[in-house]
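What follows is one structure encoded as structure tokens, with my remarks underneath.
Here the chain labels run A, B and C in written order, and each chain numbers its own residues starting at 1.
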Amino acid sequence: MDWSLSIDKAIPRPLRVIFRGAGQVFFCCNAVTGLIFLIALYVGGITAGFAATVGVVSSTVAAYLLGFPEDDIDAGLYGFNGTLVGPCLFLFLEHTPQLWLYVVLASVLSTVVLAALMRILQPYNIPASTSPFVLTCWMFMVAVYAFDGFARGPVLPPPGIPSTIAETTAASTDAWFNAFTQDAAIAWCTAISKGIGEVMFADSVIVGALFLTGIAITSLRGAFMALSGAIVGVVVPVLLGADKTLIEMGLYAFNPVLTMMAVGWVFLKPTTGSALLALLAGILTIICQAGLANFLAPIGLPTLTFPFVLVMWMFLFAAGKSKYWGNAS
Amino acid sequence: MDWSLSIDKAIPRPLRVIFRGAGQVFFCCNAVTGLIFLIALYVGGITAGFAATVGVVSSTVAAYLLGFPEDDIDAGLYGFNGTLVGPCLFLFLEHTPQLWLYVVLASVLSTVVLAALMRILQPYNIPASTSPFVLTCWMFMVAVYAFDGFARGPVLPPPGIPSTIAETTAASTDAWFNAFTQDAAIAWCTAISKGIGEVMFADSVIVGALFLTGIAITSLRGAFMALSGAIVGVVVPVLLGADKTLIEMGLYAFNPVLTMMAVGWVFLKPTTGSALLALLAGILTIICQAGLANFLAPIGLPTLTFPFVLVMWMFLFAAGKSKYWGNAS
Amino acid sequence: MDWSLSIDKAIPRPLRVIFRGAGQVFFCCNAVTGLIFLIALYVGGITAGFAATVGVVSSTVAAYLLGFPEDDIDAGLYGFNGTLVGPCLFLFLEHTPQLWLYVVLASVLSTVVLAALMRILQPYNIPASTSPFVLTCWMFMVAVYAFDGFARGPVLPPPGIPSTIAETTAASTDAWFNAFTQDAAIAWCTAISKGIGEVMFADSVIVGALFLTGIAITSLRGAFMALSGAIVGVVVPVLLGADKTLIEMGLYAFNPVLTMMAVGWVFLKPTTGSALLALLAGILTIICQAGLANFLAPIGLPTLTFPFVLVMWMFLFAAGKSKYWGNAS
């Protein structure tokens, strides 16, 4: 919205670039939105907030030092991968002092990977999105097993064969998911809000609501798509009979949130047609996530936001062949 | 052949596009050939035939609705991946009513993936071939473990470490494979014909023979390459000492069939040189298939036609660097 | 150096191309250097030397027969992948007579894969480097489990879950690594020299020293980068607490050796800035190798030089976005 963009321009440049970096996690090139995201992260947990701050600063400074295009840096494009790297490594690895060094190194690498992927995707005019964050964190998380100085945290599951992991956790969704009671309404709202929060690894209703507010400040259509993605990410897994614990934590929702924002708001023309495409993309993201999760189970890695990246890439590449779809920019 | 192309043109457009979609599984843009393929599938089994029909119709209709290029759709290029998706999911997953919905969704996705890959490969002038079918089916097959509403069929092996799966099944090929008796001749012909049938998951001699007839109607060189591929796909694994059961079912042959047709007939100039290249490509396809099969064993996925896709891509990309090889079109 | 290039030009063409093919393993288009490498390989072991010779000859001859660009062949670019394929298959697979046929087939395939990757990477002006060797050897090594005619050698670990493989071998580095005694100095020099030797699978101090001499004949900066890479490949894993046996054998060092040569000498402008980038790339290569090793553990494959290839690609693609870095050629 106009007033927020005026504030965005009034903020001193170094701070503005950092805030925008946080904002770009949800495609918002808006320092006010980014500031709200950062505050929300600190609300969710001091460590996560500080890790995100270290990540966004490291990756942005690295981009300046390595001489990548200033326009991209100013738009916060070299910040959002670092923003995600920080809380991700702190969620999945053991908290040790040297982990901070590891976060800085991973954030710097995410900047190099981003520049590389932007160069690769340049002829197609397709964004790299959060893929540098995913690839960097996967690499650092698997590498950890080989080094004494680091250990996995309790959240990261031990590697194992998918049949034993996936088939035992897949359980019928409870009755309360089908009844129209007040408890059911609360359960639904919790899952949907956490789904938005889990984009930045926050298992918290308040953080999710703050994220949604931040997005709404930049664009109402963006917020609508985020909310729709979260709803799809709860309803569809329930219908398919996915694991209830995962649904309740919003772990099926954060990928469709990003997919529907990307397809329905950011990268295609904002029409009714692209909204329907976004819905289709959101549903496919859930199947893609279930597939990738089982695919990665033998090495004990989480999918992170890669299902979103894959489905978004598919739809944006396909857009180049369609006479109906148009690129937004 | 000329008479079949006249019939092809006489068939009403919607039917022609659907039949050509089936025909393109073996690179035949010919409705007569496609019709024979569909009939052969129904001969092999009503369910498989109907699943293929649902697949080819879903993926072609989706291509129209999503606005992909009409020329490509008319040539049946948006149909053959759906044709394969249908029987594939019905072979590997449990037969439930909701599986039909799953087939429709997978066929629609294969159309989006095809458009995306065509866009990616456009600068290189390389075909996507059956890769959308493979990627889509892999995703849907692994996703199934996470959902209560679906279960794997008895054919899909449980995931496991390759050493236990592969090394125990690898067994010496029997004496009858080396003896010149009538029994041996029958065994060879069975394996070769089934090899052609297995391209569309048909474990049947008659279906394989019908497929070969259909190809011959479009091109004799195409039929010769298909037959050579099937022979290579039996002889080479026997020489290398591969698992006898797999060889007898034609499961080492369907990939070289497609590779030799692609390299020796469709995409390179039809010369003696490209026929020799096709032979080399066919042999490498078998090693590639054995490698990929062991690679995928920990997640319990079949290779499908990906060995063919990989080797074909390698040879077509390499063709761009050679002064001898030329592209056919 | 000038005198070696004069000798290079005086050598008869067929021999020169073969020697250069060996030289290109360390980016040296210099027949004298290549000859020293080959001699060093024979010093390390007759079989390894002969396997490398068979590989380099097969892949170069295949490139001529398949009609790939003569300039590239003359520079030895179609030889170094074969040079690596030979000793690699002889290290990891059981020594049988038919293994020689397998080496020839794999070397021919590495030539086709190289041409394909050169075509794919052409628009970006990025080298394929040793990726054809890695991809071909991975394929042939996994395929082996499916065939009776071949068996894995004692070096290739059985496939298994990374937790059991990696976490048990990760052990604290001994006291002698931290003490300034004569023993420690010898241990360090051994590890560093072996690190250079392991690029061509030679677990030998003399071979490593000969390789370094050969590189120094072509370029002192190249030799400096190789030595720095080997030092990084011993110091950084010690600091991170990696497995001592692997460090002592130089198995963490051969990838950074290649990365630092590529980034700091061959492909970017030879400045102080690119030397610092090379150092960063070398450190990241070690984390990438640890990650990839655990990633590949379930299928029982070694990383070979793929960590180097991945990090080099990242830095060279990223170089295209930077205003400071420049391509050397």
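Note that in this section a contact is a pair of C-beta atoms (placed from the backbone, for glycine too) under 8 Å apart; a residue touches a chain by one contact, two chains touch by 3 or more.
Since this is a predicted model, take the numbers as computed values, not measurements.
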Legend entry - C-alpha-based rotation, subunit B on subunit C, 0 to 180 degrees, nearest 5: 120
Legend entry - Interface residue identity across copies subunit A, subunit C - same or different by half: different
Inset, instruction - Find the geometric centre of each of subunit A and subunit C from their Cα atoms only, then give the gap between the two centres in Å, rounded to an integer. - result: 37
Legend entry - Multi-partner residues of subunit B (at least 2 other chains): 123, 161, 298
Legend entry - Touch list for subunit C against partner subunit B, complex: 66-69, 105, 108-109, 112-113, 115-120, 123, 138-150, 158-161, 298-300
Inset, instruction - Within their complex, state which residues of subunit A touch subunit B. - result: 123-124, 161-163, 166-167, 170-172, 237, 239-243, 280, 283-284, 287-288, 290-295, 297-298, 313-318, 320-325
